[in-house]
Each structure stands twice: as C-alpha cells, then as structure tokens.
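Each chain carries a letter (A, B and C) given by its place in the written order, and its residues are counted from 1.
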Amino acid sequence: MIAVETVNLRVWYDNKEVLKGVSLKIPENVCFAIMGPSGCGKSTFLRTLNRIIELNENARVEGDVLLFGKSVFKMDVVEVRRQIGMVFQIPNPFPHMSIYDNVALGVKFNRLARSKRELDEIVEWALKKSALWDEVKDRLKERASSLSGGQMQRLCIARALAMKPKVLLMDEPTANLDPVSANKIEELIDELKRELTIVIVTHSPAQASRVSDYVAFLYMGELIEVGRTEEVFENPKNELTERYLTGRMG
Amino acid sequence: MKDRFKIFLLPVSSIVFGIFLLMLTVFLIASLPIFEKEGLSIYTTNVWKAVEGGEEFYGVLSAIYGSVYTSVVALIIALPLSIGFAVFVIDYVPAKFKEILIILTDIMAGLPTILYGIWGAFVLVPILRDYVMKPLYDHLSFVPLFSYPPTTGYSYLSAGVLLAIMVTPFASAIIREAYRMIPRVYREGVYALGLTRYEATKVLVGYIKPAIVAGTLLAFGRAVGETVAVSLVVGNTFNIHPSLFAPGYTISSLIANQFGNAFIYRYMPSALFASGLALFVIGLIVNVLGLMVLRRWRYA
Amino acid sequence: MLRKIKEKLFLLGITIATVLTILPLFHIILSVILNGLPVLLERGLAFLTDTVAPPGDGLGGIGPAIVGTFVLTFLASLMGLPIAILTGIFSAEYPNSLIGRATKTLLMIMMEFPTILVGLFVMDIMVIPMGRYSAVAGALALAIVMMPYVAVYTEQALREIPRIYREGAFALGLSRAIVVFRILMGMARKGILTGVLIGIAKVAGETAPLLFTAGGSYRVYFAGLDRPIGAIPLLIYDLVQQPYENYHQIAWGASLVLMLIFLAIFLPIRLSIKEVKM
C-alpha cells in the first residue's frame, strides 16, 4: 500500500519556484530517503507533507499530497500532523519542560491517553522505542536541556513516536550530531521502519544508502530519479544522479 | 482555513485601538465648546480670563510657546551629550565599565519623573539661579536671552535643563544602538584610511545620522509630554518671553496646574482639553515621524 | 599638529559629555538620601504607617500613600496585563498581517504618549460620570500607560524564540492556541515577566495620569474602590508645592521610599537581562 503520494507538487517562496512539480509514491513501512545537494528543495518537499510549510507566510503550494489516499489539504491540519510525526535538523525538545513532559505533550493535548497511567505507559513505550529509556528512566523530571545533543534528538523521536504516527518525517536528523550519536539514530531508523513509514531527508548519499529502501534524487527543485536504493546506487539511470553519487557534485 | 485563535485574539487586541480612538474622540468632543466660542484664537492668543459666571476667554499660546521653547532648550543640551555618551561608551570604555554605564543610564530613563521634579525644584533651580543665571544676567542682560531678572530661578532654562537630563539617556540609547550596529567592515574601512579617531568618529556618526534624527524626534516627544517634573520648575506663569530666565507655562504643566479647579468655570475644561488636543497632535506627529525614520533606517 | 589637538579636544569632549550625562543621577540619589534618610530615621517604621502630619507641625507618615500605590499598581496590573499580553501575542503571531503591523506601530506610539493626556481622558470618561475621584479611575489610567510596555516586551520575547521550536510544536499536531499558551509562552516567560515588571515599575512611579483620576488621600487608608486614593508620587507632587517646611521634609522621605521601591523592582530585572526600554 502507498503511504504518501505527491501529485505534481509545486512550491513557491514569494515568486521563486523551489519545487517544480514533484510526483512521488512512498510505500508503507519502508525508509524512503530524499537526497540532493543543498538548495535542491528536499527540505521544502518534506515540510509540505505535514503542511508545516504553512507556517511560512511567503510559501505557496500547488498540487496535492495524499496520505493513504486522502488529500492532506482536505484533512484537518491538526489531524495531519498527528498522523505524520516530524524530527528536525536541530534537536528541538522544549528546553523549559521536563523530559517526561516533552514526550507526553502531544499525547496529552491530542487526548490520546485516557488516564495518567496510560500516559505513563505511552511515554515509557516511546522512550524505549527511541532507545532512550535506559538513559533517562531515573531522571524523567529533569529539564530536557540537560541532555546531550544525541539524546535530545532521540527525545524528539520519542516525542513524535508517542503519538503513534503512521509516517515519520526526518529532516537531516543527524546533521548536527557526532558520529556515535548519528550511528545510534541510523540503527533506530532500521528498527522503526518495520512499523511505520519513514521519510528522511539527507544531503549524504552514504547515509541514504545505509538507511533507506527507496531513494529519490532531487536537483534544482525537480525529481531526477527514484527507485529501490540498491538499484539507484548501483545503476543510476540519469547522468546527474551518477555525478552526485560519485561525489562530483556538491 | 478559519483561524479560531486569531478570531479569539482579535477583539482583545482591538481594545488597544479602541482606547486610542476613543481618546482622540474624547479630546475632540471635549474641545468643541471652546472652538465654537473662540475658533482658533484658543491657540493663537495669550489670554487667561477666568471669570465665574462672566465673560471668559482663553488662549493657550504661551503654553504652546513654553512647551516648544523648553523642549528645544532640552534638545540643544541633550543632543551633544547623548552623541558624546554613545560614542564614549561604545568606542572608549573597557567592557567591564560599559555595562555599568549603560545600566546607570537605563536607571535614569526609568526613574520616576517625580524624583526629577523634587530634585529639580529644591536642588537644581537654586544652583542654576545662583551659578548660571545671576552671573549671566549681571554681565550680559543686554542679550535678549539673558534679559529677565532671575529672582526665583523657576524658568524656561530650569525646565529645559531638567528635561535635558531626563531625555539624554533615552536619546542616547537609540543613538548608541545604531552606532553599535555599524557594520564592522565599514568601521574598519574608515580606520584603514589612516584617519584619527576624531575624524573616523565624525564619519561614523554621519553614517548613523538618521538614527540621530529619530532619537532627536522621539526625545522631543518625551520632553514635550513630560508633566510633573516640568511643572515644578517652569514657574507656571502666562508669559511669552524670549529670555531663558523668564518663568512660563508648558501645555502639560498648564493642564496639571489648572485642571483641578477648572470645573467651576464654564469654558475652562474645554480650553484645557483643546490644549491637550494640541499636545496630542504634536506628540503624535513627532513620534510617528521618529518611528518612521528609525524603521526606514533599520531596514535600509 | 592641529590634528593632534583636535583629537585631544574630541576625547575631552566626549568624556565631559559622559560625565555630564551620568552625574545628575548620582546627585539625585545623593540628594534624596541626604534629605530623605533623616526623615526616615527620625520617624522609623512609623513613617511607613502613619498619616501625614498637619501643616507646620511634625512629620507623621505616608502610610495611606504607600497603601494607595500598592492598590493602584495591583488593580492596574489586573486590568492591563491580560489585555497587554494577549495583544503582544497577537502582534507576534501575525506580524505580516495588516492588523498585526498596525498593532505593533500603535503600541510603539502609545509607549511615547504623554501620560497626562491619559489622565485627562480617564477623567472625562470615568471621574465626571461617577462624580468623584476613585481608585478604579486611577488604576484604569495606569493600566492604559502600562499596556504598551507589557505588550511590546511580550511580542519581542515571543519573536525571539527560534523558529525551530514553533515548527516542532506545530509538527506535534497541536493547535495554535496550545502552541502559543503552553509552549511558546513557557519558553518566553522570562522576557514576558521582564515586560510585566518593567510595566509595574513604570506605573508605580507615575504621577501625571493620577493627577485627575485618583484624587489623593493622605489621612485615610483605603476607603473603597470607588473612593479617592493616594499614591506616593502624587503625595510628593502635592507636598512639594506646599509652603510648609515640614511638608518638604515629608516629600523627601517619600522620595526615598519611592526610589527604593523603584530600584528594588528595576535593578534585579535590569541585571538579569541585556537591554531595557523604558
């Protein structure tokens, strides 16, 4: 089944077209990587999927995004974001809240837990899923700002997972982490994709080849190539893709 | 997309607009009787005939004159001080003392104005009278500016000096901020030309001229609206005199002084509202201009 | 040579400018202490609790004015803060909308508005219809003076939050109200609190808006919200204009109290942040 499908997706910032008609099908329960040089529109693409792009008043979107066949633009925006979790490039747990509250936040306000006990269970489940539980189980009441960068990023993953989303968007989640922490996140992706669809944006072909099942290559706002990861990497059909993969393009 | 949050906030934030518009309306309506009776003479004559039950006539020209006079005196003093202070703090003070100096001026900008008032009335006025006005009057009384005998010391000069002390920290904060934000390349470029610090500073201060204009306008707005401190030192006399040492009125001190017993007269409240309206308009124009200059400069 | 002399004169000039800018502050503080402290020492705590002495006869105290300042400041906060904070949120959340921009501009203008005019305004809409000066009228005038400060500080505090946190909050599927009230305001609480305290420090020292609204009351402690009420700045203003020596002494004592209250609120805020606007 197709989890996310974009239909001729176009995005403008003011009058500058940054996404020029991208149509993609992302299957369920895979890790789907979007790669390309900086400024190619990959991050914009990701932000359109959960409509977070609408926070930018200068952005204009045309085309459609289908979530399990339903247009996200016809759904309630809150519902869209409940079903599509997101992890950002810079770890952004809310620094003034405790570790526990950071994870519980979305669940609480979207009323996904019926009791305090159920909430506790969800938080524990999410922290275990994000491989953070053992490190923080004794300090759940501490401020999130006391964590290391890698821990913060896993906390953000837990925060998204706690809402039991069907799709998880990851915008260069390891870009600001040290290699060890980055490694942990990549292992986590491997685990998680059994249960949900992950769309990850990365500027590193190496990372795309390590974590993804499918990969799409964007260049200057256009979709150049898409396919199973090993096929694209072993046998790129487009010359641009080949140049990018072999490191001859920035 | 219906934004319920916006719909919820809109009425609350429109309260501020409501207050502002209501204020303007109140001043206009309350001024009407005196306009109907005297026309613009309320602004163009210097008469204060308050007669219970008799023929009243009011002209607040002396107060308008005093407001402008004292504010101009204040700015003539405050402007060089605030530029000098800004340059000194940014370029010449070691980092440790910089913060202290800025904190001190911030305290000055926020200090309750009545404290300036009591200090002005009991401390500043005698000092100015004995050490500035008297010597100048004794030797230079043929100059119109110094031609009024400084018996009490309550005068345009006292009000101007006190206002200068009060608005310098404020004007200097605006200028300082602008001076600090001059791009480093520009600053280095000027020094690279082999200029002395005086010459370089002159160029750099020229660069932030719009911020200085804005600071001047906004400081004028503050000075013209200041009430209690001024009313304690300006002398509160209906007077249009060229001399710095003469007592006078300002619009705000006129209101502060006369409004308490205005209601026993038929037209005095309206006359005072009309003078308030003048202050309203002057303040609005000066502040809007100041903010516009500042904004345009910041985005340029 | 001439260049060197100019350089020296320039340095001298800006040094003098700096000294002249700061000097009055020390002179004021010193004058207030030298004149006010003896009064406080002579009367002790009674100065803070007693009522004003009769003309020409002793000192008494400024109890009702102190109570009045606290009551007025509290009431003004009650009226002004919610509106101010919500207005600040509005202009922070909708900075590009026409109303958002207009709100911001209006707030900046009202910050610089002559406060005596606010007093006159409230007199017209409240004191005249009610037939007397009152605590509510004074508090309303102060609330109007306070609002733009608090709103502008709130707006700035919210705008300073990195975009990434807004996005993170919205990505959790939270409504705008929850994002703003539960998350962004929590993160901006220090900036908002600063604005609130600056607003309070500002109105606690205001005189002009109270002249024709609060009315003043120096013999009677709080008599009711619809009755005249005193305030320390108002008391000082009235006493300075009296011809009695003992009243001038009381005014100095009251000035010291007012200065201490102001510094007690203002200094901690100022020392904990980089820049203030007053």
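Keep in mind that, in the parts below, a residue touches a chain if its C-beta (ideal position, glycine included) is under 8 Å from a C-beta of that chain, and two chains touch if they have at least 3 such contacts.
Here the structure is a predicted model, which is why all the values come from computation and not from measurement.
Here the chain-to-chain distance from subunit A to subunit B, counted in touching steps, is 2.
Interface comparison, B-C against A-C: more C-beta pairs in contact at B-C. Closest to the protein's overall CA centre, chain by chain, comes C. Taking each chain's centre as the mean of its C-alpha atoms, the one that lies farthest from the centre of subunit B is A. Chain centres here are Cα averages; for subunit A and subunit B they lie 56 Å apart.
Each chain gets one centre point, the mean of its Cα atoms, and the points for subunit B and subunit C are 18 Å apart. Measuring from the averaged C-alpha position of subunit A to that of subunit C gives a distance of 48 Å. Across the assembly, subunit B contributes no residue that touches 2 or more other chains.
With touch defined as above, residues shared between interfaces to two or more other chains in subunit C number as follows: 175. Not a single residue position of subunit A touches two or more of the other chains. The part of subunit B that touches subunit C in the complex is made up of residues 3-6, 8-10, 12-17, 19-20, 22-23, 26-27, 30, 80-85, 87-89, 92, 101, 103-119, 121-123, 165, 168-169, 172-173, 196-199, 201, 218, 221-222, 224-228, 232, 252, 255-256, 259-260, 272-273, 276, 279-280, 283-284, 287-288, 290-291.
Contact residues on subunit C toward subunit A in their complex (touch as defined above): 96, 162-175, 178, 182-183, 186-187, 189. Those residues of subunit C that touch subunit B in the shared complex are 3-4, 6-7, 9-11, 13-18, 20-22, 24-25, 27-28, 31-32, 35, 82-83, 86-87, 89-91, 93-94, 99, 102-103, 105-110, 112-118, 120-121, 123-125, 144, 147-148, 151, 175-177, 180, 198, 201-202, 204-208, 211-212, 233, 236-237, 240-241, 248, 251-252, 255, 258-259, 262-263, 266-267, 270-271, 276-278.
By the touch rule above, subunit A contacts subunit C in their complex via residues 50, 52, 55, 57, 78-83, 85-86, 88-90, 92-97, 105-106, 109-110, 156, 159-160, 163, 169.
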